[in-house]
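For reference, the structure is listed below as structure tokens.
Chain lettering (A, B, C, D and E) follows the sequence in which the chains are written, and residue indices restart at 1 in each chain.
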Amino acid sequence: MSSEIVELNVGGVFYTTTSRTLTTQPDSKLTILFNNKENALRDSKGRIFIDRDGVLFRYIIDFLRDGTLSLPETFREKERLKREAEYYQLPALIESLTVNLQHQQPGVITVGYRGSFQFGKDGLADVKFRKLSRILVCGRVSLCREVFGETLNESRDPDHGIVERYTSRFFLKHSFLEQAFDMLTEQGFKLVGSCGSGTAGTAAEPKPGVDTEENKWNHYNEFVFVRE
Amino acid sequence: MSSEIVELNVGGVFYTTTSRTLTTQPDSKLTILFNNKENALRDSKGRIFIDRDGVLFRYIIDFLRDGTLSLPETFREKERLKREAEYYQLPALIESLTVNLQHQQPGVITVGYRGSFQFGKDGLADVKFRKLSRILVCGRVSLCREVFGETLNESRDPDHGIVERYTSRFFLKHSFLEQAFDMLTEQGFKLVGSCGSGTAGTAAEPKPGVDTEENKWNHYNEFVFVRE
Amino acid sequence: MSSEIVELNVGGVFYTTTSRTLTTQPDSKLTILFNNKENALRDSKGRIFIDRDGVLFRYIIDFLRDGTLSLPETFREKERLKREAEYYQLPALIESLTVNLQHQQPGVITVGYRGSFQFGKDGLADVKFRKLSRILVCGRVSLCREVFGETLNESRDPDHGIVERYTSRFFLKHSFLEQAFDMLTEQGFKLVGSCGSGTAGTAAEPKPGVDTEENKWNHYNEFVFVRE
Amino acid sequence: MSSEIVELNVGGVFYTTTSRTLTTQPDSKLTILFNNKENALRDSKGRIFIDRDGVLFRYIIDFLRDGTLSLPETFREKERLKREAEYYQLPALIESLTVNLQHQQPGVITVGYRGSFQFGKDGLADVKFRKLSRILVCGRVSLCREVFGETLNESRDPDHGIVERYTSRFFLKHSFLEQAFDMLTEQGFKLVGSCGSGTAGTAAEPKPGVDTEENKWNHYNEFVFVRE
Amino acid sequence: MSSEIVELNVGGVFYTTTSRTLTTQPDSKLTILFNNKENALRDSKGRIFIDRDGVLFRYIIDFLRDGTLSLPETFREKERLKREAEYYQLPALIESLTVNLQHQQPGVITVGYRGSFQFGKDGLADVKFRKLSRILVCGRVSLCREVFGETLNESRDPDHGIVERYTSRFFLKHSFLEQAFDMLTEQGFKLVGSCGSGTAGTAAEPKPGVDTEENKWNHYNEFVFVRE
């Protein structure tokens, strides 16, 4: 049997694992530690001692067992875990956490639309569905691109060379509001605010070709999404 | 007595259980492990050793005891637990978790209504109740169907063959807004945004048969629901 | 001294208690277990062994000590704890948890009001307070009754025989919006959405007796409350 | 050295402390227990045994060490901790928790304002700031007083003798909306809903002295604050 | 080897570390304790005993290992940890926590804008983007300055000498709403409320040079941000 049991004392928390798991990553401090285990510090019960946080080691050993990172859905110690990964010299774990943390780059994107309803000829349709032409997108250019990718229309944005700036001149190539919302939530954004407003009436005669009923129901709805 | 006590060391966390519980699922790794317990790795106290996460094992053993999955209401390690279930080869648990995770498929549904109030003849009714005709539903077709089922009216949606698309042409067969909200919350959706807007007045004479008071109070309220 | 110390191993978690506490509920499995303690399974340290979840046992023993249920304010394992109470045959605890869980029956109630401001004669009052006549309540009939009780006016609801249905024809007997909100929050509802809209102007002359200033400020505010 | 080490077994959780800490409060059950320690129940390792919840004892011993109560910011077991303080007969801790729990008395307060913008003569000012005259406060009288204290103007409330009632006739002595919000959040209230609405236009000529531009931008914003 | 293993019993929770880690901060109580370890209180297993909270010591020892403070993202015991740092006499940790806590100084800032859409000549542009001139900022002066720094325009605020006051006369030097939101979220503010309102129509002829379409879509959106 090629693996032997190893008992660890990590800052006072005890773990049991095997030599095979511990030496999975050849250049890590844990491999070096195990290969020099006769020189390792040991606690009063003979366990190999590591002077690091004992709680976060749960995820370090988990990564060594499976080779992939799988964190609880609401894990809130990523920065701290990255510090541990750096200490143990686990580049693949550092990489995973860095991607994971970058992915969490915070920012705000606002999505808005001017909408009304489809009334059909003489307003006779029995159901009037939502009607909107353009979905407007405002925010930091790089963030908008990350979220909307190919569905983003930048053709009307005057300064499209510069990325580190804000714009309010992006819009989407489609008109499905919920698709835009789905893309935002898939990227970790949450809807945190929403505003609606109607329009002002006028005493003027409606222009020819304008549907007065549709005109009356015009509104602007604006949705603020945040990624923390 | 047909069952004996078994002491386990799962990655450094200790559990005590019985042989009967451990071997409930005939083809699982735990049954195999117990049936070959004379070859099992053992820690320094003689406990059977398993080189897996010790915390999540709480739910593995719980499942073996009762045969059903019962997780804390806000459990946030489902993906991680599924990985453990795969390791232990527990198909019924994997199945439960897969259903559970699918059920959490994220998405956005928007519900909107154009409403006003019932004024009665000459506005004499002492209480004016909310009046709305159609509850509009927008979002991914498959998601809307999952939530609203038989209460969804798709008759006005032109492309009803294709499922993987977005629509803004669904409406409900009833007009109870709170029933729609209840169905959404029962399916794990949360209301995250809401917008209201009134309508614009006009200088035109009201058409015959239009209740001017009701007309004045027209508004469009839109509610955004998200399942994370 | 009538009580002796009992050491327990509940699925690997250790508890210490007294025989008096353990046998408080005469017909429970724990009383039976203690009265037959010479036949009980014991772990390697001689502790009485129970093959159940070790963490939830904290609340089982707490209930035995005081005879009442007191859970953390955000306790999220009620269903799981109820399963444990059923296993241990503790009817009073099952009852408490059932009431507790029923109380958490999810649902949505919408509260809305049409309001304006009190301008006084010729708008001369220095402060214009909120003015609203009726607070409208919409939702499932049984839920609305549970929350608002005697303050609910059902006189205008046409079908008041049937309970398992939705209505938008309830209103409150008083006009204190915050009292309605307090009753909802006391019953575990949370405000999750709110919409406001003004009214449309008209070219028509105001009717005699209508305060034009008050008319101008008319608005409809709608509040969505959810209990999860 | 006047203090000796004391090992405790509180319901199966082990604590180590000193006799000095344990006897800080002369009349508490812990002082009595220590002074009669030769008669105390002891576990199999000789630790003094206490048949109470082991987890909450962390805060009991913390209180004895420093004499003050300092809980985690999101502590959710106050009712349970109070029950423990009553068991141990620690009046100062009961008092702290009672104040703490009262402070958390739930309730709803609504703040609203009618506002517009300052346009200056002929609308020539380059920036138009928010303009509002009165901040209206609605809710339970005692709660409004607790939050706003001296900044609350009750002069227009007709029934100011009675405290256990609701009012919509309070307003603030100042016109700084954010100061009102700060006072609410300092007292543990959270903003959970907000509604905005504009006003209706009229065909009538504006009255002399009315700024038509300012008039056009009139709106009513209403904010609902809840303390859970 | 210059470091030796030290076993600690902190209020009943056990930690293992090295003498080097423990004596990192020369004037701390832990250094003093270690240098007088022959006089230290010891528990029944010979561990050095410290009569303080055992759970929070995890972060104390962590700080000694790395010399920097790294807390979980949602750590909720900062006040309690500061009390521990004061007990152990660790000025650098006290300093970190004080900065950290000050940074969390609560408050409310409101951001609002009057906006419409760019219609271009005769409304012929195919996409109408959001158009806003000034972003208004209201709140406590010191807080607004902390968040917006150089991007804040105070030139129109009459009393700019006094800091401890509220103002509604600040605006931003730029017109990128999302940049303002990003700055607020970077400083720990969360959007908790948002209100929208349109404008009232008039019977008057539009003034020369006013774009009637743009005029119609005028709205005021107000966003409330809170830092807890």
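In the analysis below, a contact is a pair of C-beta atoms (placed from the backbone, for glycine too) under 8 Å apart; a residue touches a chain by one contact, two chains touch by 3 or more.
Please read these numbers as outputs of a predicted model, since none were measured by experiment.
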{"item": "Neighbouring chains shared between chain D and chain E, ordered by label", "value": "A, B, C"}
{"item": "Chain C onto chain E, rotation angle from CA fit, given as a multiple of 5 degrees", "value": "145"}
{"item": "Proportion of interface numbers common to chain A and chain E (over half same, under half different)", "value": "different"}
{"item": "Identified repeat of the A-B interface (over half of residue pairs identical), from D-E, B-D or C-E", "value": "D-E"}
{"item": "Intercentroid distance (Cα basis), chain E paired with chain B, Å", "value": "33"}
{"item": "Separation of chain B from chain C, taking each centre as the mean of its C-alpha atoms, in whole Å", "value": "20"}
{"item": "Junction residues of chain C - those touching two or more other chains", "value": "192-204, 216, 218-220, 222"}
{"item": "Contact graph of the chains (line, ring, star, complete, other)", "value": "complete"}
{"item": "Residue ranges of chain C in contact with chain D within the complex", "value": "1, 3, 5, 7-8, 13-18, 21, 58, 61-62, 65-66, 70-74, 117, 127-130, 176-179, 181-182, 185-186, 190-206, 212, 215-223"}
{"item": "Parts of chain B lying in touch with chain A, wherever the complex brings them together", "value": "9, 11-12, 41-44, 49, 51-55, 76-80, 83, 106-110, 112, 114, 134, 136, 138-140, 156, 166, 168-169, 171, 192-204, 218-220, 222, 224, 226, 228"}
{"item": "Complex contacts: residues of chain B adjacent to chain E", "value": "195, 197-198, 200-201, 203"}
{"item": "Contact set on chain A toward chain C in their complex", "value": "196, 198, 201, 203, 216"}
